[in-house]
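All chains are identified by letter, namely A, B and C, in their written order; residue positions are counted from 1 within each chain.
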Amino acid sequence: MRHMTDVERRLAALEERLAQLEEEKAVARLISSYGPLVDSGSADAAAALWEPDGVYDVEELVMTGRDEIAGMVRSDTHQGWITGGAAHFVGPPHVTVTGDEAVAVGYSLMILRQGDGFEVRRATANHWRLRRGPDGWRVTARTARVLDGRPQARELLAEGIMP
Amino acid sequence: MRHMTDVERRLAALEERLAQLEEEKAVARLISSYGPLVDSGSADAAAALWEPDGVYDVEELVMTGRDEIAGMVRSDTHQGWITGGAAHFVGPPHVTVTGDEAVAVGYSLMILRQGDGFEVRRATANHWRLRRGPDGWRVTARTARVLDGRPQARELLAEGIMP
Amino acid sequence: MRHMTDVERRLAALEERLAQLEEEKAVARLISSYGPLVDSGSADAAAALWEPDGVYDVEELVMTGRDEIAGMVRSDTHQGWITGGAAHFVGPPHVTVTGDEAVAVGYSLMILRQGDGFEVRRATANHWRLRRGPDGWRVTARTARVLDGRPQARELLAEGIMP
């Protein structure tokens, strides 16, 4: 009986540690789907990464809820980018999962076709807040600030790593 | 005896979940080796990422089998790039492992030295199919399409995320 | 008793495999914090990624110890970049963990604001050596070489993948 308790303790520890890795993986995987979804014009699937009332704040535009996020993907501006040639290239995020909440921070580049090559139109700092619910992880708030020297972008990066 | 069954059930569940994470990691790790191998001119090692009859389809060139892939790395064009200064910068892939098969989708940038800086020559959508055999994961087919606005590149991205 | 031995063997195998994934994750996570820390000007936190006597060798500058690394972040050159707009965009590393030692290899881009867009100033090959101590993983040596065609950069990439 003493021995079984030890086995059960080890099982419980393994289950907890494994779940932690699985959740971190799930958050990173969700983030890695953003670029392919918006660059393919998959408006509803991109919007569904957010919670129904999730926020996507890119400063000049604050989208609240999935309809507004899908609307951005369907907008003439976005459609012009992807039919002209665009890559929303999202780097590997730094992910911190705490129970059913997560914070991730990372970079994204908007790369557009220009002549016979491509140009980096924007380099952006991204701070993601996510929550795990019955359907898995969803974004509650993504805040993006162009890395053009503004202090807000630098603060987003620092805050995501050292909350 | 009843109790042991529970322990065994938990062990089996852990083993299965852990294996899933390990395989996803292995696929991402293989993909992360592509850039360093081709940029260092390691032609045979790059080709060995593919199955012996694997396909690497970059539209203007469809390579079948390791000899043709190694030949691309050894070609004057590729050697000119890497001796002039080149980075095949591959982003974090979105990986889906189903048993011994896997699909991954992601971006790659071909970045070339230009003057005293660098230019993004190509931004590309990549769709990888992989299979696990006795020697681990190997690529069966990688399809790459430049994100220059062509619908095929956008379809590759969507298909890799929502198969 | 025979049966318990089997359970314990499975537990030990799970613990070892899980620890391997956790350590690989920890190394990749540390590397993913480098960009946000230097781009936010978090000099001491960036330097603390290294061991007290760790080395950061970027060829034209070899920094030894945390004071010199923090000094680089506080330098006029670096401050000029981040107040003008800069992204140290670090790609997903290829990580190999062997006990308490790790090697990682990958790319980084230094992207600077230029006019109303951004330019890729440098594309760099990075070879990281790390060690695990009582406070977790720390960098013992990071060697970075610009991918401008020099053989050393290509050798770094190959050596990191096929040590």
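Following the convention adopted for this analysis, a residue touches a chain if its C-beta (ideal position, glycine included) is under 8 Å from a C-beta of that chain, and two chains touch if they have at least 3 such contacts.
Keep in mind that this is a model prediction, so the values were computed, not measured.
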Counting shared numbers against all numbers at the contact of chain B and chain C, is it over half, same, or under half, different? different
Superposing rotation of chain A relative to chain B, computed on C-alpha atoms, to nearest 5°: 120
Measuring from the mean C-alpha position of chain B to the mean C-alpha position of chain C, what distance in angstrom results? 22
Give me the residue numbers in chain B that touch at least two other chains, ranges are fine. 7, 11, 14, 18, 21, 91-92, 119-120
Where on chain C does chain A make contact in their complex? 4, 7-8, 11, 14-15, 18, 21-22, 25, 28-29, 32-33, 35-37, 39-42, 45, 82-87, 89-92, 111, 113, 117-120
Chain C residues within the chain B interface of the complex: 3, 7, 10-11, 14, 17-18, 21, 24, 91-95, 105-107, 109, 119-123, 125, 146-149, 154-155, 157-158, 160-162
